[in-house]
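Below, each structure is written out as C-alpha cells.
You will see two complexes here that share subunit A, one where it goes with subunit B and one where it goes with subunit C.
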Partner chain A sequence: MARFSDEIVEHFTHPKNVGELPEPDADASVVDPVCGGQVHLTVRMGDGRICEARFVAYGCAAALGTASIVAEWVVGMGPEDLASLDEAAVTQRVGGLAPGQSHCARLAMEVLHALADDLRTGKGSE
Partner chain B sequence: MICALDSASRLPDADRREATARLVMRLFAYHYECNSFYRRRCEDAGVDPRTVMSRGLAAIPLLPVGLFKQSNAHLLLSRPLEEVELEIRSTGTGGVPSVARRDTKTTTAVALALMAQYREFFSISGGAGLFLCPSPAENPEMGLAKVFNLFCGLLDRSHYALHGYSVREDEAVEFLVHEQGSTVRHVFGPPFLVNRLLDYLVKSGSELKLGEGSLVVTLGGWKRYTGATIDERRFREKAARRLGIEQANIRDMYGLIESDMLAIECEHHHKHVPPWCHVSVRDIFDPSREVPDGTRGVIAVSSGLNTSYPAFILTEDVGVRREGGCECGRRGQMISFSRRLKGAEVGCCAVNIEREIDTVSAWARDVAIEPGSPPRRPASPAR
Partner chain C sequence: MHSQTTCEQEKGVNDVTCPPTARGREPGRALYFDNNATTPILPSVRAAMCEAMETFGNPSSVHFCGEAAAGLIDRARVSTAALLRCDPEQVVFNSGGSEGASSVIVGTGLAHLRDGGHGITSAVEHPAVLRACGFVRELGFELSVLPVDGAGRVDPGTLQKALRPDTRLVSIMHANNETGALQPLDALSRAAREAGVPFHCDAVQTAGKERIGLVEGFLTISAHKFHGPKGVGVTTVRTDAPLQKLVFGGDQEHDRRAGTENVLGIVGLGAAADAASVRLDDPKEQIRRGEIGGRLRAGLASIDGAVVNSPAEGCLPETVNVSFEGLRADTIVDVLSARGVAASSGSACHSAHPEPSHVLLAMGLSAERALGAVRFSCSCLTTRDEVDEAVAISGETVRQLHAMWRSVGTA
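The block that comes next holds the complex of A and B.
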C-alpha cells in the first residue's frame, strides 16, 4: 500500500477543526511515550451527543492526519459510541495505516476512550 | 561532492565556498518556487533568488527550528506528503516532538552523506560496535537512534545495551570483553550514557584495553536533563583511561534532525561542517545579522541537499564558527557548540533519553523489578 492513505494525505495537508474549544463540555489528552505523538481533543455536547470538536496534535504525519479525521468523525457520537471504538475501527476510518503507523490508531483509540470517560464522569455527562 | 568527500574537504576555500553556495542557492530558488509558505516569508523579508545571488547566502530567510514542532508543520513541506518517505523526530524536555519529513530524494542524499562522512572521519569498514543508545527497533523515528544505527552497516557485529530505557552496563562490558582479540571494538552513544559506562568501570575498579583503532563516538550534547554539564575534556581523559583508547579516537558529533548537517570531530577535536551545508552564526539579539568568524552567536545551518522543505534553519544553539585549514588537513567551516539559547528547552533526544532512563529505574525500584530486566512502563499518561 501507499505510505499514506488518501484520507491521511487530505487531512494532513488540509487539517480541519484545528484548535481548542473555549470552555468545552469535555476534553482528553494522550501522549504516546514511544513516538512522542500527542493529541488533545475538546468537544461540545448537545442532546447527549458531540456537536462540535477541535483537536491539537503533534507528531508524525499519520498521527496529525488521524487526529483531524477523528475530530470530524466524533461529531454525532455519544460516550458509549466513543467507548466502543477500537484500533481496527480507527484504522478502517482513516483508510488504512502502514505497519510503522499502527501507533496512530492506538493513540486515537486512547484519546477517544479518555474522552468517553470524561463525558461519563466529568462535565460532559451533566 | 558526497562520493568525493575527501577531496571536497581539501578544496581551496574559494572553490569550496563557490560549490557550497551553488548547491544552497539552487535549493533556495527551488523552495521559493515550490513552497508558498516559505515564499511568503521571503516576500515579507524582501528576498528572492536574485537577491540571494547578489547578496550571498546570508540573505536567505531562515526558518526558526521551533516551526518543526508546530502542529501545522505541513506548511513547511515543498513536496506533497505522498513523496515523504522518512519522518525523524527529536523530543526534548518539553515533550513536544520536532519532526523532520524527508522525501525519497532527500532521504537518499542524507543517508549517503552520513555514510560518506563516517568513512571519511572514522574509516570504519568492520569490527564490533557497542551501542549505548536506544535501538531503532524500539524507537524507529528517533533521530539519534537512526544516525547511530547507520554505523551498523559498516560494522561486522553490533550490540545494543539499552533495552526499553533500561541500561545494562554489565552486558555492555561483557560484549566488549567477549570481542577482545577477535576484532576492533567501538563504542557509540550519547555522552551521558558512555559516561555512565565509564562510571560503572570506575566503581568496579576495572579498565578495558580496547586498543589501537578503537573509537568512542558521541552525539547528543553534553548537557544533562538535570541541568549539569559533562566536562568534555575530563570525559575524554576518563574514557581514554578506562577504555584503553587514544584521546584522538574519542570523537563527538553535532547535528540536529531538522538540518542535514552532522559536524564530525577530527582527531584534533574540531567539528567539520560538511561541504553540502553552510553554517552562518547570527547575532543573538538580531538573527538577521551575521557575526564574524570566531564570535559567539546563534548557529544557522543551510542545507544543499534538501528538496522536502527549506532546510535553512535558525537553531536554538549558541556557538562559534571558524573557517580555514585544520591540522588534520581538511579545510572548510568548523563549529563549536557553546550552549542552548536562553529560554530554549534543554537539549534534544539525549536529554529526554536520560530522563526516561531515570523514570524507568525509579519505577522499576518502586515495583521491585529485577534490575536490568526491561520493565514495561504504564501506558500514556492521560490528563
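The block that comes next holds the complex of A and C.
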C-alpha cells in the first residue's frame, strides 16, 4: 500500500483547525515517548456536544495528518462517543495506516479518551 | 569517444513526472532534489543502452556474437578510463558502490587473513564502507575510525598518526553523500602512499561532478549517481597490493571479478562517463553548477530557522544539507514529497523513531539539529527555476509546520 492514504496527505499538506481555542471548554494533551509525537486538542461545547475543535501537533507527517482529521472528526461528538473510539476506528477514519504508523492511531485514541475524561470530570462537565 | 551531448541538449527529455501523491503539482513536473540518491538516466545513455540490446552475445564467447558484446565493453572501459584518467585495464566493472567498497575492504582483509593487521577509515563514511570495515574487524583486524572536524573533514595529520607498520588499507571517501563536504584527498592519499599503505577512495558522489585526483590505490564509483543505470559501477585498481577477489567463476575483468558481464549496464555506464567527461571539460557547465548550487544554498538559508550544515568551502555545490530548527526532517521530507518536491532526510528513519545521522553527529551537531537535517541535491539537469520553486515550497512548508506545533510542549 501507499505510505499515506489520500486523506492523510490532504490533511498534512492542508491542515485544518490548527491552533488552540482561547478558554476552551475542555482540552487534552498526549505525548508518545517512543516516537516523540505530541497532540494537544482544545474544544468548545454546545448542547453536550463538541461544536468547535482545534489542534496543535508535533511528530511525523502521518501523526500530523491524523491529528488534523481527528480535530475535524470530533465535531458533533459527546464524551461517550469519544470514549468509545479505539485504534481500529481511528485507522479506518484516516483511510488506513502503513506499517510503522500504528502509533498515530494510538496517539489519536489516547487524546480522544483524555478529552472524554476531561469532559466528564473537568471543565467540560461543569 | 566522447559524445557531444551537453546538459542543455539533454534537458526536456528527462522530465521527471509527478508521483501520484504529488497532487500539488499535477500534471506538471516534479522538482527532483535527491540526486545524491540517484539521478535520471540521460537520453544519450538510454539511447546507447537501447542500441546495445540488439547485442545479446556473451562477451566471453569466442564467436562473433561474443566479440560484438566484448567490443561494447571495451568501448565503455575506454570511456570510463578517460573519465577517471586511468588505464583501461585498471577498470573493473562491478554492480555498484557497495560491491566496489566491499571488494576492496573485505578483499584486502581476506588477502591478509593469515598475517592480520589494521585498517583505517573515517567516521563519516557511507554505511557500505563502515559495515565492510566492521565485517573485517570481526575477522580479527584492528580498525581505527578517524574523527572529523566541524566541516566533516579528516585532518591528514590525524591520518599520519594513525598509520602503523601493519596498516593494510586506508578507506576514506572523496565527497560526503549527506553534506557534500570534500575531503583533502590529495593530502590523505599522499600520507597513505608515503607510508606504503594502499588507499581506497569512495568517489561515488564525486564522479561526473569533479575531476578526481587519485593516482594510486583503489577508487569506487557507481553509474546511477551520474546519470547512468543502476546496478553497475567501477572500481579502479591502480596498485599491486594484495586483494582477494570475492566473486568466483570465470576470469572476467582481468580475473578480478567473475561473472558474465552486465553488458547493458556497462554500456550505459560508458555513455554516462562520456557525457560526464564533456561536462567536466566545459567551463560554462562548471560555472553553471556553482551558480545553481549557490542559489539553492542561499535560498534555503533564507528560510526562517534554517541552518546550513554543508560547509561553505570545499563542498560539492550540488549538495545542500540544511537543518530546520525545531522541526523533524522526516516530516518535512514527507510533506515536500506530497507537494512534488523530492528531497532526503539526513536521518535514517526506522519506523516511528528516526535516528540522527552519524555524519552530522560526527561533525559535532546536536541530535536535535541532526534530526532536523534535510538534504537537497542537484544534478546537471537542475534548472534555476526549479531551485526557486523548490525553495519557495520548502519555505511555505516550514512555515506551516512551525504554525502547526508552535504551542506543543507548553500545553
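Everything below uses one rule, namely that the second predicted complex is superposed on the first by the 126 of 126 C-alpha atoms of A that agree within 3 Å, B and C clash if a C-alpha of one lies under 4 Å from a C-alpha of the other, contacts with A are read in each partner's own complex, and residues count from 1 in each chain.
FYI, a residue touches a chain if its C-beta (ideal position, glycine included) is under 8 Å from a C-beta of that chain, and two chains touch if they have at least 3 such contacts.
This one's a predicted model, so the numbers in the text were calculated from it and none came from an experiment.
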>> Once both complexes are superposed via subunit A, do subunit B and subunit C end up clashing or fitting?
In response: clash
> Which partner does A:E20 reach: the first (subunit B), the second (subunit C), both, or neither?
Replying inline: second
>> According to the stated criteria, A:A61 is in contact with first (subunit B), second (subunit C), both, or neither; which is it?
In response: both
>> One more residue to check, A:F12. First (subunit B), second (subunit C), both or neither?
In response: both
>> Which partner chains sit in contact with A:W73 here, subunit B, subunit C, both or neither? Use first/second/both/neither.
In response: neither
> Can A:A114 be said to touch subunit B (first), subunit C (second), both, or neither?
Replying inline: first
> What is the shared patch of subunit A, the residues that subunit B and subunit C both contact?
Replying inline: 2-4, 9, 12-13, 15, 18, 27, 29, 32, 34-38, 56-61, 64, 100
> For the complex, which residues does subunit A have touching subunit B?
Replying inline: 2-4, 8-9, 12-13, 15, 18, 27-38, 56-61, 64, 100, 107, 110-111, 114
> Which residues, counting only subunit A, touch subunit C once they are in their complex?
Replying inline: 2-4, 9, 12-13, 15, 18-20, 27, 29, 32, 34-40, 56-62, 64, 99-101, 103
>> For the complex, give me every residue of subunit B touching subunit A.
In response: 69, 71-74, 80-82, 84-85, 87, 89, 91, 95-97, 99, 101, 138-141, 377, 379-383
>> Touching residues of subunit C toward subunit A in the complex: what are they?
In response: 20-21, 23-24, 328, 330-331, 334-335, 338-339, 351-353, 400-401, 403-409, 411
